[in-house]
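The structure appears right after this line, and notes come after that.
Chain naming follows the written order as A, B, C and D, and within any one chain the residues start at number 1.
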Amino acid sequence: MKKRSAVWALLVAVCLLAAGTALAAGGTTTVDTTFSYASENTIVTEFDPAVSYSNEIIAMNNVYEQLTRYNSRTKKVMPLLATSWKSSAGGKKWTFQLRKGVVFHTGRPLTAQAARAAILRTKQLKSGAAYIWDAVKSIATPNAQTLVFTLKYPAPLDLIASSGYAAYIYDTKAAGSANLHVWFNKAHDAGTGPYVISSWNKGQENELRLTAFKNYWGGWKGTHYTDVLFKHVPTPTTRAQLVQSGGVTYTDRLSPQLFASMKGNSAVKTAEGTSFQNLIAFLNTASGPLKNTKVRQAVADAIDYKGIVAALKGSVVPASGFIPKGLIGYTPGLGYTKNLTRAKALLAQAGYGPGKQALSLDLTIANGDADEQLVATIVKADLAALNVNVQVQALEWTTQWNKAKSKDPAQRQDIFVMYWWPDYADPYSWFINLFHSANPPYFNLSYLNDKAVDTSIDKVEALTATRRSAAVADYNQLQHRLISQAVAVPLYVQKYERVFSRSVGGYVDNPAYPNVVFVYDLRPTS
Amino acid sequence: MSDLAATPARPRAVALRLGHDPLALAGAIVVAAVMIVALLAPAIAPFPQDAGAAVHPLDALLPPSHAHLFGTDEVGRDIFSRVVYGARTSLRISLEVLAIAALVGIPLGAIAGYAGGLIDDAIMRITDVFLAFPALLLALALAFVLGPSVGNAAIAISITWWPWYTRLIRAQASTVASSGYVASARALGVSHARILLRHVLPNSVAPALVQLSLDFGGVILTAAALSYLGLGAQDPTPEWGLMVSQGQSLFTTNWWAVTFPGAAILLTAVGFNLLGDGLRTILDPRQALRDRGT
Amino acid sequence: MIEARDLTVAFGGTVVARVPELEIRPGTIVGLAGESGSGKSMTALAVLGLTRHLGATLTGSVQLDGEELTGLSERRLRHIRGRRIALILQSPRAALNPTLRLSAFARRALVLHGVPRREADARLRSVADSVLLAPDVLERFPHQVSGGEAQRFAIALALALGAEYVLADEPTSALDVTVQAEVIALLRRVRDEHGVGMLLISHDLAVIDNLAEQTIVMRAGDVVESGDTKTVLGSPSDPYTQELLAAVPTIAEGP
Amino acid sequence: MTRFLVRRLAQTIVVVFGVLVVTFGVARIIPGDPAVAYAGPRATKVELARVTKEFGLDKPWPVQLRDYIWGVLHGDWGTSLYTRRPVLSDLGVALPASLELVISALLLAAAVGIPVGIAAARWRGRISDVVARLVAVVSVSMPVFWLALILQHVFFQKLGWLPVAGRYDANLDITHPLHVRTHSVLVDAAISGNWPVLRSALVHLVLPAAAVAAYPAGAIAQLTRATLLETVAEEHVRMARALGFAERTVFGRLALRPALNPVLALVALVFAYALVNTFLVEAIFNWPGLGMYATSAIQSLDTPAILGVTLVVALAYVLANLLVDIAQSIVDPRVRGVR
């Protein structure tokens, strides 16, 4: 070969040489104190702890803390920023004692006045999960360590205060005179948690990095992870290979097949568990062909629920009603089953079905979620058999949500598929958010406007604190009504399937905080 | 400059000479096989309904077996049947795209080459503009406007494909236009249109025929790429690119969901490219000259 | 002396050139006449062993001063090509590498045949002067020089390499008349002053008559007549040669 | 030379103007009121009116076209609905990553394609020619996304030689933080002499570059073989052989240089094709280039971002064409008159 191409060959050789040496260098592993979390979605859409209501929960719960924390295993509320609390006056007055020696990341000490200011600001902003504080009439701070809540109606405030959303305690004076919301969204934080935000670059693979907060009240004795890195890795196979090769410490949901293949792999540990997260298809009761109840019921009867659960290969369990097992109000035997003959009859009455007028529905799912794509494929096939053509559109979450909330009903989808999980371990969140009427729509994406349902929802939370059995009866009756009207269709309850590096010690999955890993509680081993 | 435009050789002679080049012969065989599979899809596919809307979730992801030659996909559909019907989708897209591209591109090229001057320049600049737009980005816009589908993907590809033919034909047409017999025809007062139709086009079309055969592979690859990105075929249409995209997350655990559709794309594209190369050496004497090295 | 015996060049089965006997002595010019496609060029390439590159098969013997060339290895043959036997082609500018300046191309050829770099430039310039080539012409690219200049450069290069024999394949056919005369004069000087033996291939009998002492006439690959130019062109015995002569509008008088 | 450059530049400007007009046209036909898309569905009437005026959406379209082109030339490519940042600054981050991938892919393709092309031409008709032609045809016919998955599966999953994805090792961010200047990791690491990051970046580049390089390598090999055979049949090669030059030199310097001219032209065509191929490869290797930016823009119906990507890819193609024309006149003096 000639001199020129010899030069080219040399160039390629250099590349390969670099490959070799890099691998050798990568070999030596000291105890890696960075916990890297590979997430399917982008991490942060909102930094303001009062408003945050999306995927950033997995980071926020390592930066901010609540008054209390719910332990899903023991089903009890544990102390966190509050060391003790008691309720009086029939559950309408709650007194919390704050932990001493706690400092915000801004340096200011945690006082009752600061906590009160945080909760009131969250309540006033009225977005995200702020509704959880609706029961609160007023908050008093007799001294720097004591918070006294007066409620409009009895409510389980200790449980509410443990919520994964809108219950963070933060320093409202963090931005001084500047606008706090804008200050937060410049990737700043004012929490009390074990980690501080150290860098954020949107759209990059290594999107968010947290680093240890030196004077965290829990202290840093023993071995802890000093850094937390959140990576956006959309492709499931890439995430699986990263966790297997030690490229990342932890990955969120993989496809059922990938998870099954990981179980036998010695390089990783796996953990499975039930969750409070279910996949629901909301049928548009306000506009479009599904406005007709018969058509909705036909759609609900046409779906092959058993087939969906089978195709997801053990990563999900069949749903029964809207409340997952493990929460009060769970009603066994309330699930749909495929009933083709009834579906055909109902469609015929509405003038659709095989041999009659074709029906076209559009169904939206979140892009990049393999399970939702699979469900859409099966639903589309099931309905195609009934001369119903389902147009599937996979969109970015915020776009899918904005489309559903658009002012012009014609723009809204017929079937909206999304996951739901409670803000705190209580069924109330499904009903107040998903089925209570609200204008303009927020999460009530069946656009249901049913007075009886609304009044029943309004009184059930208070009942939970006072007469629990009455609350359970209400939830039961509510679910029967919603299912018979085919307002929405619960498809399945997800099982959490965790895969993480063998070097992670002390991992406990807490379904009350979906996909959240409390990194401080873990012990890195070599 | 002697007139190098090849008069299209008789088909029998072409087939004869194809036989001599082993690679071209292999290409012809593969292409014939793909066409037969596409034509006789209903007969060949064991589960024709799996190419449509049928799903069998209980049989999801079975490995290749006697019953399912290529195994089943994540909703239990027989992959072999879908790959067979996929041949139909791919050939249909290629025919659609190349027909549009040839019908628009060739006449424009002939006019540009024949007219020369300002018209030529204008047409060529427009061609350059369209060449600057990759098919993918136009498919993106179309997917917005009309929603992603096989048809819209075909339109997007043809919008960015016709310029190649304009460029190809223009070069050929300008040589034909400058040759003696065109000048004499014009001297006899023959109208521009007749000259274009009777003289310029027939003598410029040969390279386009060669390019058409080569482009079949190219269009199939581009269409598969668009479907892979979700801008082309939508479920349940059996399209190879879409099948690779759907099976992608299963690659490490269930290899067959991705391997067979991808192999089908590769095999078909190789077939058309080999056949195209073979045709080129026969229809384009200059290339033949090059190959013989005299 | 170059001696070829029973030389045949064939592509696959078909023979394109068969020369029973060819002798080129130093200081003499052998003319090789015939219509295009009569195998004239193939004969020249056969002498240099270049038919192999075209995929042709060569039989018969070619001797240079008694040394058999057909059996030589490619490496040994390359020492002879250019250094002892040079080739001049029909379209002079096309025969020069388009991406190299004339001087650069010449320098590579001279260095290839062992001429030290410093001496190569000097030797080329002196020979260039002898063929009336201005130094600045040497610094140009082939497409920037005239046909005549390119042909003169080719001849200069042959001389610079010290070639004893030159195989000229239609050296003047692509040139217009005035330049043709210059090149013919130059070829005569190369024969007379440098004692170079030459094979002059042309379909133009006037050029052959002008320069060549001996002449061979070929038709469709076969030699139909050979001998002194005066007898072959003066009173041809073979009917084909007579036809050729009749076709030439004017016959230049002999030297 | 300058006359040729001026004419070529004029043509480029006309084409760029054409590209701008077409992009603007495409923007107009995309449904959905940009103001609503930007202001958000819950925006009040007043808010919508303000955004409409600010975006100038109420003016007649020729005026809007003029403003659009004026804006583009002054760096105002609109604001992305998804990242809420100016599209141009987003592209400033995404384009270097894609360019880094495309250019290294093209270099790899040339380093492999040209020698294969030479070998095929040199031993024409023999086994190595048939094999080379077959390998070239397979690489040209390879669906790049499928190849990427296979490369990742073989070289990472099975052999573990190369990293699975990303641009460089994440924990280097702590030990050897990279000073970002151009958003091209290779360039930034080289400038700041950050060898560990450079080495890791090179290693992470191998698989994605190989996937993108498949098509160009095959195309370059095929064309090199064809043009080389054509050049070798010309008179000047017969003369070179008659002067005693060895085949090695003939197929190298003497014939290759003139044969490279069409290969250079091919590089421009293949550049655009390769740039689009990175769209298919980036998601698989988690490479934050134009592809990832475009895919997220598609899913969030982010029109300004889509137009930004369309424009930058089109301009990159036009620029590549111009650069190739200039390179051609340097490589081959016959092309446009000598320097």
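A few comments on the model shown:
The rule is short, and it goes like this: a contact is a pair of C-beta atoms (placed from the backbone, for glycine too) under 8 Å apart; a residue touches a chain by one contact, two chains touch by 3 or more.
Since we're looking at a predicted model, the values are computed, not measured.
Chain-level centrality, scored on Cα centres against the all-protein Cα centre, points to D.
Summarising the inter-chain layout, the chain whose CA centre lies farthest from the centre of subunit C is A. For chain pairs A-B and A-D, the one joined by more C-beta pairs in contact is A-D.
In whole angstrom, the spacing between the mean C-alpha positions of subunit A and subunit B is 46.
One finds 39 Å separating the Cα centroids of subunit A and subunit D.
Note on chain placement: the centre of subunit C and the centre of subunit D lie 51 Å apart, centres being C-alpha means. Each chain gets one centre point, the mean of its Cα atoms, and the points for subunit B and subunit D are 23 Å apart.
Along subunit C, residues 53 each make contact with two or more other chains.
For subunit D, residues touching at least two other chains, in rising order: 149, 157, 284, 301. Within subunit B, the positions touching two or more other chains are listed as 230, 248, 251-252, 293-294.
Across the complex, subunit A is touched by residues 36, 40-42, 82-83, 85, 90, 93-94, 107-108, 110-112, 114-115, 118, 149, 152, 156-157, 160-167, 169-171, 173-174, 196, 199-200, 202-203, 206, 248-249, 251-253, 256, 283-286, 288, 292-293, 296, 299-301 of subunit D. Remark: subunit C residues 45, 48, 50, 53, 78-83, 86-87, 89, 91, 94-100, 108-109, 112-113, 141-144, 154, 157, 161 touch subunit D in the complex.
Per the touch definition, subunit B reaches subunit D in the complex via residues 22-23, 125-126, 128-138, 140-141, 143-145, 217, 221, 224-225, 228-231, 241, 244-245, 248, 251-252, 255, 258, 262, 265-266, 269-270, 272-274, 277, 286-287, 289-294. Listed in rising order, the residues of subunit D touching subunit B in the complex are 11, 14-15, 18-19, 22, 26, 29-31, 124, 130, 133-134, 137-138, 140-146, 149-150, 153, 157, 226, 229-230, 232-233, 272-273, 275-277, 279-280, 284, 294-295, 298, 301, 303, 306, 309-310, 313-315, 317-318, 321.
Listed in rising order, the residues of subunit A touching subunit D in the complex are 1-5, 8-9, 11-12, 15-16, 18-19, 21-23, 25-26, 32, 34, 36, 42, 202-206, 209, 227, 229, 231, 233-235, 237-238, 241-242, 245, 247, 367-368, 394-396, 398-399, 402, 405-407, 440.
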